[in-house]
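Each of the two complexes below includes subunit A, the first together with subunit B, the second together with subunit C.
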Partner chain A sequence: MIAAVNAGIALLLLGLAIWTIAARDTFAAIVGFVAYGLLLALAWVALRGVDVALTEAAIGGGLTGVLLIRAAAKLRATEAASNAERPALPTRLAAAIMAGGVTAALALVVLRTAGPAPTLAPEVAANIGATGVANPITAVLLAFRAMDTLLEAIVLLFALIGVWSLAPDHLWGGRPGARYRADPDGILAYLARLLPPLGIIVGFYIFWIGADLPGGKFQGATILAAMWLLAMMAGLADAPPVSRRWLRAALVAGPAAFIAVGAAGVGIAGAFLGYPEGLAKALIIVIEVALLPSLVLTLGLIMAGAPERTAA
Partner chain B sequence: MSTALDIFTVVSVAAGALFFLAGTVGLLRFPDVFTHIHALGKADNLGLGLVVLGLLPQVNGLLAGLKLVAIWLIVLLAGAAVSQMIARAARRAGPHA
Partner chain C sequence: MTDAPTLYGLCAAALIGLGVYGFIVNPQPLRKLLAFNVVGSGVFVLFGAIAHRGGALGWGGDPVPQALLITGIVVAFAATALAVALLLRLADEADSVTLADAAPAKPDVTARDR
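For the complex of A and B:
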């Protein structure tokens, strides 16, 4: 029975992936991609990777979907022309051969791997007690492989700088995205008033529960950022100009706190990001709490887009 | 008692699944945006409602049950709001969009 459900999910994933690639209309392809992300989240649940499933649904499906829809809206003017173009047969053939080759090579490598995959799970299970957190994913992300998480948070900042640098010169430092004007008595404004209180509770809950159960700051921050974006789209809130000093300070505060804790570890525990005995849980909470606002701002502003209006 | 609850779960979840099936058929067969929304609304509201209702006897603890009901209510809210927005956009775009 379970095998049938799993096979169904796998088939649907493959079918949806092919459909998404084959769709000519950009918007339709994005809808396919978002559905693919949600389906992939189901596949992760089936594999008991609930943490990954949450991240996939929030970031792979939700946040990336918003980014792609924004990009599609900007490309709409040129879409008909680019759809009408048809590359010459040799180009299409070469692309098909190369893409097919990569897929075949990947399949070969994955299928030829003999024996069980190498795993560090037993060592995580043996040492998780030292970290004070109960969710092994959180223990890996913030204790055993904290360096990766630090770099991830910094990469997000770079992504935001990349988005901002799409602004034309005279709008640099201005407010991101277009000003949304929604009917103040309309359904969007109503939803933007009703949903955020719930969403904020859920976002903080997922953030806090991450210590013991699936959840954590990335998933929580995505939900909080989505609530912010909803309020922006309903015209109830506006994104701050990106030149604001408090904004920039808040954006770097999280990663800076993470680096500070890491640097302190050199002196106290003898290694960068080393936690002293007994303080691991407290320091992990400090890092998580410091990262959350920075992540919410970063994710929200990435979704809001490049500056398109003057700061006034 | 527990057998009766299990039967209730199976019947209710199956009825919910039937609504999802009907909603999907409607989405594929109905002619325009407004009737598509109508079909999806039935699947979301009643289908998910019946699935949640059927799962309620199976959860342990009041809190988990409340979470399930909350999920249903939030999906109702989102579904109703998004349906209105899609319908409004479709009406503005005209009958041939």
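For the complex of A and C:
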């Protein structure tokens, strides 16, 4: 039974991937990609990675999908001209042969690797007690490999700086994206009033439960940012001008707190991001709570895009 | 019948191949970005499927690769967002997003920037 479900998911994934690659219309291809992302989340559940499934559904399918759909709408005028540059048959054939080779090589690797993969799970199991959290993935993200998570938050911040720096000179410091106008009695405005209270509860729940069960700050922050985006798209909220000092302080606060805890670890526990005995859980909560607002703002503003209007 | 990790491993291999093909063949930059994301998700699944055979210890999956995957998905999103922003700015400046060698001459940027 489970095997049949897995085979069905795998086949649907392949079908949607083919659709995403081959569909003539870019908009249709991206809708296929969003469905693909959600189905991929199911595949992650089948692979026993519920935390990964949540991240894939929220960020891989949801946020990336919205980002690409909006870009497709803006680039619609250029679509026909680009399509005229489709490579000739010999090129396509060569590409197909090469892609087939890549697939064949990887399939061989999958079929030929035998025995259990090398694993650090026993080390995690032996040391998770010291962190005070019960979700092993949160323990890895915020204790054993906290450096990865710190750098991940900084990568997001760099991406935001990169997006902002693409603003034309005269709009630098202005408000990101276009001002959305929606019918105040329409379904979008209705949903933008109805969903955020629920979404905010769900977002905080997923954030808080991450200590013990699948969930965590990135998944929770994505849901909170999505609620903000919904309000922005319905015209009920507006993105702040990127030159605001409070905004910049709030964006940097999370990673800065993370670095401060890490630096304190050098003195107290003898290593950067080392936690003293018994204080690990408290410090993890400090980092998580400090990171959450920064992540919500960073994700929301990355989605909003480069400044397109003056600050006034 | 194969077990789930092998099945998804093979599926991931096919996804990566499909993405590579789309990335080369499709002339639209946005479609290349889409294909690149298919490659990326295929790599993630392949990694997850191979790691799945690692120690379970009652958790189901190995938490270390899963934590790396979560980081990977977030970083992939950041890179995609930056690429989309670059693409939109290019369309703004040049009124076309062609990647062909003989790209049309760009209009005077400073004049447009008022």
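Here is the rule we use: the second predicted complex is superposed on the first by the 286 of 312 C-alpha atoms of A that agree within 3 Å, B and C clash if a C-alpha of one lies under 4 Å from a C-alpha of the other, contacts with A are read in each partner's own complex, and residues count from 1 in each chain.
In this text, contacts are C-beta pairs under 8 Å (C-beta built on N, C-alpha and C of every residue); 3 or more make two chains touch, one makes a residue touch a chain.
Every value quoted in this text rests on a predicted model; they were computed, and no experiment measured them.
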Overlaying the two complexes on subunit A, which is it for subunit B and subunit C: clash or fit? fit
Taking the superposition as given, does A:Y275 touch the first partner, subunit B, the second, subunit C, both, or neither? neither
With the two complexes superposed on chain A, say which partner A:I30 touches: subunit B (first), subunit C (second), both, or neither. second
Using the touch definition from the top, say if A:E79 reaches subunit B (first), subunit C (second), both or neither. second
If we overlay the two complexes on their shared chain A, which of subunit B and subunit C does A:T103 touch? Say first, second, both or neither. second
Output check: A:W228 vs subunit B and subunit C. Expected answer is one of first, second, both, neither. What do you get? neither
May I ask you to decide whether A:V163 touches subunit B, subunit C, both, or neither, giving the answer as first, second, both or neither? second
Subunit B or subunit C: which reaches more residues on subunit A? C
Examine A:A306 and indicate which partner it touches, taking first as subunit B and second as subunit C; both and neither are also allowed. second
Compute the least Cα distance separating subunit B from subunit C in the superposition and give it as a whole number of Å. 21
Kindly list the residues of subunit A that each of subunit B and subunit C touches, one partner per complex. none
Per the contact definition, I'd like the list of subunit A residues that touch subunit B in the complex. 187-188, 190-191, 194-195, 198
What residues on subunit C touch subunit A, complex-wise? 1, 4-22, 24-31, 33-35, 37-38, 41, 44-46, 48-57, 59-64, 66-71, 73-82, 84-89, 91-92, 95-100, 112-114
Subunit B residues touching subunit A - in the complex, by the definition given at the top: 74, 77-78, 81, 84-85, 88
Which residues of subunit A touch subunit C in their complex? 2-3, 6-7, 10, 13-14, 17-18, 20-22, 26, 29-30, 33, 36-37, 40, 43-44, 46-49, 51-52, 55-56, 59-60, 63-64, 67-68, 71-72, 74-75, 78-79, 81-87, 91-92, 95-96, 98-100, 102-104, 106-107, 109-111, 113, 115-122, 124-125, 136-137, 139-141, 144-145, 148-149, 152, 155-156, 158-159, 162-163, 166, 168-170, 216, 218, 302-303, 305-306
